[in-house]
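Structure incoming, see below.
Labels run A, B and C following the written order; every chain starts at residue 1.
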């Protein structure tokens, strides 16, 4: 929308704003640069030291040497994947209820979703632990999953509901008029249209889960996830392999995003091409009626 | 919000409150009532154990000799006994590790480990009091009787070594950076020297903090009383404005990075700092005395391979194996005869001759152990006395 | 043309009252139920635990001990109230700084760049968040240390004295919080700015408004919802955070988040931790409610 601005307006340069933007971006990357750099630093005590001791790729070649680190990383991936999938499955029907219907209790549930997102992680974590202690449920992988799904559902609802409100429901009405039952409407019409939002919601849930430290620290019990491991190790002395993991994650994420961007462009171009064809057909079919 | 919605929300809230009261009316079950409440006949327990070929060993990071990911001591153990060792350096703190194993022990489940290593202190005392540990069969630990130093025999927190044998000992004293401080440092009072304002580091472990304050007053922590604890905080409160921060084990980073010039410190950390590019850092035993603590090997209950655990403990308490481990870990060795081994066989004079690793009697005489709490109330009193300083 | 007989008959031929009104309830069952059971009830459970007395060995029992709140905030040796106020201060400072930094960035992307660059530039803001925030914060504690690049450079330029240090101060904590929350403020403001129809800006200019007036009277008010969302996220996250203050702070930076975490995990005082946590939730709830009322956002739940 902001791009509706006329061309000369848009091109009015503001070097100050641009430099400010790039300065801030640079600052956000400083710790990343340091991390990448020091993942190659030789560390005689096997803990990162900030004196530069020479370049080495030893830590990359021995990623699994640190006890518990790879296990923690794999655990984090599992938790994030499971909680993302489950929260999308659980949250999508809820977003449809909130987005398409008006019913008693809708305000309450919406407020609850809002509160779930807005509540500080420390309060949620402490409260969850109080709850599990009170019902005598031992903390561990199960409680981590329960807690992660609980907050991820709210994120899924927000993302999917936003997409739903932007979606024209007349397509679904048309499907129903043509005799499709609610289930068929959902799987053949709504779901494909909603799919990008579901993917985005799932990715968001995955990201929120994999980086969660505070809530997990309360409900993890003896299970160790990657952020928990890093925080605990930071107090004792980080093994350089942690920096290697961070570097690898960073570059993998970067590559995925770039790939996504390239694929998106091609997809958009293809869709534009088919839309042109579709418009042509509509115009041609309308002609006879006009006559 | 319109009143109708407000009432509705209030109604829902009351409903929730009622529901949760039902749940929580049961309260939270204490660990005394769970898990360890049964009485065990340890003699028949040990008689029933069969030899297995496995050992699951949990320890702190960087606490065993390690060359390219392999431990010579563990490899030797497997060769000598045929027992495979699954070594996991997953313990990063007494409190979080205790929080991790307590629910399992309370539910009478296995922790997955046969040996765990914990520092003497409240959590170790709790494990003992809650009957969560296996009593050791000393008939299978002849090497401990023969080779262990007096410092680790019959400690105040585990009389007769009923449940524990020491893995490593450590001293807590003062470390300082000779680049910034010329004069000799001799006393805890130096930690409160106004010349070092803003560059003093202290530990946020309230036990270490409290012991330092008590020793400065001339009181031995092990025999101290709550009145003396309160008395010692006066100095700590005055010192507070000079302190840069109360740190956990990261204190050594602040010292290395020159944020702090003088700090409470653990002997082994300073030794290793000297070897890794910081030779100008010095550890001193204050004239009022230093603090001594032990990281102990324990067998948690429901362990699946307790005999293997005993075999390792016995295997470790020899000059050769303790020497191999000590040459790498550089804390205080519980086997004095290992000094000979390190000097003659490993040929490492830096470690063999270090008073930080093999302290002479004059230094061990100045070493004072922690206070042992009798129950939760004493522990709370200590916390309530010293936590206000840290927080 | 008259194929009505071949059209399939709609399945819900006899919509009863239940059938007509039940779909949303069935749909909300699992999701709503999960959040009710594992989000709402634990919050109440936290309140209940705060009213219990006991210790981890002998167990806790509900004694409706409301005096614990007075004990912690009025009579305590440990200054919990100070921690509270300090955390609120950190939250406010971080929020204000965040707005000052994020707004220009969002504005730049929304108005000053061509369409095809918008996504990449926005993406660059988010890119550094791929790495775990614990790792990034720990890297800062090295960069800002006395021996680190920043202070050494400042000293060489004679901009600071010998005793200057960054780590261990409140400013380091606030800086770390701003750093960690950047994306949470840039994104909502960007979304709000992006929705502004450019023709409104043109119209304003046609009516002789200068640049500053256009911004203050047109752009800023239209982006209010975005600022509100950003403030909500950043303020609440910062007030409760225990990580940044523990990694970058020192004496005099202890926050209520750290207090809650320590009393649960280190000191094992379950009722104290639950009480602090419930008090935090109530205070934040009140503050956010007042903020929403004052800044005119009518139905909070419609933000979702």
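By definition in this document, contacts are C-beta pairs under 8 Å (C-beta built on N, C-alpha and C of every residue); 3 or more make two chains touch, one makes a residue touch a chain.
Small disclaimer: the values here were computed from a predicted structure and weren't measured.
The minimum number of touch steps separating chain A from chain C is 1.
Ranked by the number of C-beta pairs in contact, the top chain pair here is A-C.
Computed from the mean C-alpha positions, the centre of chain A lies at a distance of 16 Å from the centre of chain C.
Chain A and chain B have Cα centroids lying 39 Å from one another.
Centroids built from CA atoms put chain C at 37 Å from chain B. Counting partner chains per residue, chain C has residues 40-41, 45, 48-49, 142, 145, 147-148, 265, 270 touching two or more of them.
Residue numbers of chain B whose C-beta contacts span two or more other chains: 23-24, 27-29, 96, 99, 253, 256-257. Looking at chain A, residues 50, 107, 111, 131, 133-134, 234 sit in touch with two or more other chains. Those residues of chain A that touch chain C in the shared complex are 1-6, 9-10, 12-14, 17-18, 20-21, 24-25, 27-32, 34-35, 50, 90-91, 93-98, 100-101, 103, 105-107, 109-124, 126-131, 133-134, 146-147, 149-151, 153-154, 157-158, 161, 176, 178-179, 181-182, 211, 213-214, 217-218, 226-227, 230-231, 234, 238, 242-243, 246, 249-250, 253-254, 257, 261.
Within the complex formed with chain B, the residues of chain A that make contact are 43-47, 49-51, 53, 62, 65-68, 107-108, 111, 131, 133-136, 138-140, 220-222, 224, 232-237, 239. Of all the residues in chain C, the ones that touch chain A in their complex are 7-11, 21, 23-32, 34-36, 38-43, 45-46, 48-49, 101, 104-105, 107-112, 114-115, 119-121, 123-125, 127-128, 130-140, 142-143, 145, 147-148, 179, 182, 193-199, 201-202, 232-233, 236-237, 239-243, 247, 257, 260-261, 264-265, 270, 273-274, 276-278, 280-281, 284, 288, 300-304. Across the interface of their complex, chain A is touched by residues 5, 8-9, 12, 23-24, 26-29, 60-62, 66, 68-69, 87-90, 92-93, 96, 99-101, 103-104, 107, 111-112, 248-250, 252-253, 256-257, 272, 275-277 of chain B. Within the complex formed with chain C, the chain B residues making contact are 16-17, 19-21, 23-25, 27-33, 95-96, 99, 126, 129-130, 198, 240, 243-246, 253-254, 256-259, 376, 380, 383-384, 387-388, 390-391.
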